[in-house]
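By written order: A, B, C and D. Residues from 1 in each chain.
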Amino acid sequence: MADKMVSGASSPGARVRVGVVGASGYSGLELLRILAAHPQVELTLAAASHSEARPLPEVYPHLTGLPALALEVYSADACAERCDAVFVALPSGSSGAVAAELWARGLTVIDLSGDLRLPAALYERWYGKPAAPAEAQAAAVYGLTEWNREQVRAARLIANPGCYPTASLLALLPAVRAGLVRPGGTVVIDAKSGVSGAGRSTAAHLMFAEMAENFLPYKVGKHQHVPEIEQMLGEDAGPIVFTTQLLPTVRGIYASCYVPLADGVDEARVRDAYLARYEGEPFVRVLPPGEVPALKHVRGANMCQLGLVVDERTRTLMVFSAIDNLVKGAAGQAVQNFNVIFGFPEETALTAAALAP
Amino acid sequence: MADKMVSGASSPGARVRVGVVGASGYSGLELLRILAAHPQVELTLAAASHSEARPLPEVYPHLTGLPALALEVYSADACAERCDAVFVALPSGSSGAVAAELWARGLTVIDLSGDLRLPAALYERWYGKPAAPAEAQAAAVYGLTEWNREQVRAARLIANPGCYPTASLLALLPAVRAGLVRPGGTVVIDAKSGVSGAGRSTAAHLMFAEMAENFLPYKVGKHQHVPEIEQMLGEDAGPIVFTTQLLPTVRGIYASCYVPLADGVDEARVRDAYLARYEGEPFVRVLPPGEVPALKHVRGANMCQLGLVVDERTRTLMVFSAIDNLVKGAAGQAVQNFNVIFGFPEETALTAAALAP
Amino acid sequence: MADKMVSGASSPGARVRVGVVGASGYSGLELLRILAAHPQVELTLAAASHSEARPLPEVYPHLTGLPALALEVYSADACAERCDAVFVALPSGSSGAVAAELWARGLTVIDLSGDLRLPAALYERWYGKPAAPAEAQAAAVYGLTEWNREQVRAARLIANPGCYPTASLLALLPAVRAGLVRPGGTVVIDAKSGVSGAGRSTAAHLMFAEMAENFLPYKVGKHQHVPEIEQMLGEDAGPIVFTTQLLPTVRGIYASCYVPLADGVDEARVRDAYLARYEGEPFVRVLPPGEVPALKHVRGANMCQLGLVVDERTRTLMVFSAIDNLVKGAAGQAVQNFNVIFGFPEETALTAAALAP
Amino acid sequence: MADKMVSGASSPGARVRVGVVGASGYSGLELLRILAAHPQVELTLAAASHSEARPLPEVYPHLTGLPALALEVYSADACAERCDAVFVALPSGSSGAVAAELWARGLTVIDLSGDLRLPAALYERWYGKPAAPAEAQAAAVYGLTEWNREQVRAARLIANPGCYPTASLLALLPAVRAGLVRPGGTVVIDAKSGVSGAGRSTAAHLMFAEMAENFLPYKVGKHQHVPEIEQMLGEDAGPIVFTTQLLPTVRGIYASCYVPLADGVDEARVRDAYLARYEGEPFVRVLPPGEVPALKHVRGANMCQLGLVVDERTRTLMVFSAIDNLVKGAAGQAVQNFNVIFGFPEETALTAAALAP
């Protein structure tokens, strides 16, 4: 942490030099947007698999007002020279190796891919790709901030959580950790995602003409976020049923979670467990009784809203969880972790209020 | 049936005189659109709670080409005089009484509301309104055509199924009736609906500015379609978890159903049960292994598409079911029942193909 | 016409054998959907640039109920052998040559591309591609049914109009032909299109994540439909300002036309000209004073709705014109022409009513 | 200005006490969202026509993190007591009177309605309502910041421009003021708006089921923004053709403007005029040759993007202009004016970058 303190909190006015690798994807662009408004950050590098002669605001007209950086091809040397911290938002399969390389050179690294979140065997089974370097995977701290804040604070390498796991784990962990789940019962997570979760590459089924007025599941029973969720839920929860479905929205993850309740647990005890766990958290909000989150109420915000309903007829706890996949599910949570690591107020450059309507 | 045969199949060329009561709602308008293209139907009456001086195509410009009927205020006498059969698509609470009245006067009646689907006690508990006349409720046949075709054929009063129950029951009945559900296991139905399911009356949360890019549950654990589904599933299924959620689409019901599998049941046996049950059905289609329905592939069609996936990790059968709420979930199924009753080919005026993209 | 009469109107019960070439595009799929419901049509062939082993309803799940044809690679011999009439809906640049080839072999051909609509020089300037065979271009009748019905009736080769020209010409021709346009005045057409107009191929700017909540012009001042519109408007109108813009809808063309009014022309005279011209037309509707069309009121319909407003402050006639680009702007109008050619009632298999909401 | 300096720039650290009247509408909510992030603002009051016991973030869940103010019924005394500056965002017809009242009591007032933008006679003709007090109307400065910055700086009462006029005037003023418009030529503005422009009150035609996949004009030739635009364009432009149309988007104004070019004016001269005029402006951006704005690239941003195209065939300049109606078209520009008045950097609390995709 000593190095970080030098460039970060200890010298007032000095700014952390930050790079984004994988800057041309949706998560990368969102990182640029958020980081450009961060008063303690100096954006010094934006890298991708290709370069662009024109500065960012020319290539991406929505990024008007950003520094006139140009996209460059990734180079570890350039990062080491010009950055204190780097966000890596490359596709799974290549992101972890880059993150490991930069971490090995002493940089603080936050990796937004799935590459550092799972042990090698599990990774290779669910992703069908070679795992990232084991040393880096072992060193990486899983950056679900609200549940790992102390480890994050001490970390120099972060495996930033996936969007589905963020929504699901924030919804389920209080119940699981408080022993509210019926032993042997199966938790069902019916999850829905806006299409930006699939990234910026073109795909026939993601065209506007196909997705407008549409809804459909994909990767049923095979989504690579299953082991990430199960690993964090731990032994108390058992294997989960997890369904991923495409919503005709651009942003957002909505997880409808069905939890068989342990004997004797009532709604009051459930609500107490959640309120106690998330009290004081700026970016998780447990809604009052009778209210459930609306996806749009978290758009553009680094926020997870949770609604709790107990169905006594079937002894089922339903937890409804909404996030913006590109913010709390990716770039926002990454900056939240960055703030924790560098000792900045956790809310810096992040907003809990959404752009609605 | 004698009377019906006279006006229907027995005299070639003669057409059934048909009225629509509740013609100004979404289901009523859809009935008008479908019936206007029915070669054996003469549209003779369109009634609502208010009258309109101008003919239908003037008031509803999308109904260009329809007969120049004008909306009139409902009157049982007018119906009795000018109609052989009447579709009643009024709001729950008033629809059943009108249907009962017309049925008592000897007309063939298809009621699209929830009023005749449940015994009085159950109705009053879930709808919070006084039940329709008991005699009519007892006489009404539940018009889930594929499961009640013979009763429908003999009926003169139909309780046309709700949109959610249609999607859910077509998805679940083959498994339940074939004994594939684990005894004591809880079936979860995570259902989503386009906003037209809420009808044409204005509501703040259904404005475009609110629903675009949005998704949210409503009536969690309290939806009046719960008893309708449970009643038809029968004792073998037990109480269900049933969640209703609003999609940012206009049309469509998508039901994602999670069924705990009985011991020893594998995917092949599941698939056989569904294929056997729906073989030859023009309006239910079981998709091949590995495929799941897309909501848009049933838009405008009188069609239920089903996808089957068995998750061995959790011993769960997932059934994905898609319909157009206004067609197979309302007006289309109503006309399907009408065709059965009057002895017309069941496909008359109905299409299995969807308007896509 | 003799041959056509044999296979068409003259032998009751006999059906025209019809093929669709370019069946895998949006217009081609829409042709299949419409033609499958045509009682005088036997769909015998569906060709594309690639073949598919599985039948159409398997590959395109929304086409449930269609004949189990399989997509085959285009062959003129197969068409000549198995078809009386062929719809060609290939991309511009290849469609015209195929249409010419089949026409030369004696088939009745309706080409939906732009290839046969313009003289060679004009075509090559605006399309930037080599023109189709001159003989075929000369023989082709421009299939704007309401304005060329008699030529269409006698034709064996149809250049089916583009979607923008259909909406624009039906909006402007009554004013131009009746001399209502101020001499030397410039007509402005501000046109908007749903994204299905761009076809089924993937493109980054047409992804749902990009187009949702978006609106933008494209090909400003360069759209290849400019000469098609100007050619049909004729000398009386002069060069037009024509802007094409993408709407976040799947279907639809909306043309807002601004016409400088000649001296002395008032709203009554304008209205009379339009009503007189379109009286009795089943697929063009002039709305009453004070009403303007809504795009959704023509979705799925073979219909053009027109609204007329005269702005006295600026002496401008505004004509608002709405069609479904895939129906009246492509497949529907093509079938309308087919009906005219073969002597079937013009409304056969076509609907003037829209799927709304 | 003396008073303002006391509460504003002169005492470092002191914050301006700000109230929002009309806080429950879309513009009001957007004001709250923006002002809550303003480091020199203390939100002290949120008023509406009704009160709410619960604090703002409870009533409006997207406003998580905002101060726990509760909506109260408007009272001039409360405003005078607790505010230095007040934003008034009430409906036209009542907003101006409230603004005038608060201004008369010495507060700095920014009125977002149309009530103070026009002389009484013009107002009453186009709005059909009694005009606001003449003294206030006369004192109010039209807050199109880029064109009236110096007057704004000296003002204590601002008539904040309408959304359509902002997009249209920023697009047209450089051409008009530089004499590029052909004398006697008619300027056509084909404008489109997202539905949030119609406000939060429910309306049948603004329901999601009606507006999705739709597009339609409204108030054709009668929109009350016509005189606001003409008044600012001045004598050089003459009466304009101005069409307002509803887009199926939530936010955004897109104005496609058609300007007859004066003799001898070419694209280079046009471009020079625009670039010279807007050089250094943080919230107006003239795109490079060949580029046109996309509506989504300004969503959530206080930004107007302009695209310039000259069509030599018709000697027409097309200017395409995109803004977010709730930001640069309402709340954002209001805060921009507030910043100018109080001497804060103009960008404070405002972003030029958009939330995209």
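Note that a contact is a pair of C-beta atoms (placed from the backbone, for glycine too) under 8 Å apart; a residue touches a chain by one contact, two chains touch by 3 or more.
Just so it is clear, the model here is predicted, and its values are computed rather than measured.
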item	value
Most remote chain, CA-based centroid, reference being chain A	C
Same-site or different-site touching of chain A by its copy chain D, using the half cut	same
Distance between chain centroids, defined by C-alpha means - chain A, chain B (Å)	41
Rounded Å distance between chain B and chain C, as computed from the means of their C-alpha atoms	35
Mean-CA-position distance for chain D and chain B (Å)	47
Per-residue multi-chain contacts in chain B, two or more chains	26, 194, 196, 209-210, 212-213, 248-251, 293-294, 296, 299, 357
Touch list for chain A against partner chain D, complex	26, 29, 33, 36-37, 58, 61-66, 196, 212-213, 250-251, 282, 285, 287-288, 291, 293-294, 296-301, 303, 305, 351-357
Sites on chain D touched by chain B in the complex	26, 194-196, 200, 202-204, 206-213, 248-250
Chain D - residues contacting chain C, complex	186, 188, 190, 192, 194, 209-210, 212-218, 220-221, 239-241, 243, 245, 247-252, 254, 256, 258, 260, 292-296, 299, 307, 309, 311, 313-314, 316, 318, 320, 322, 357
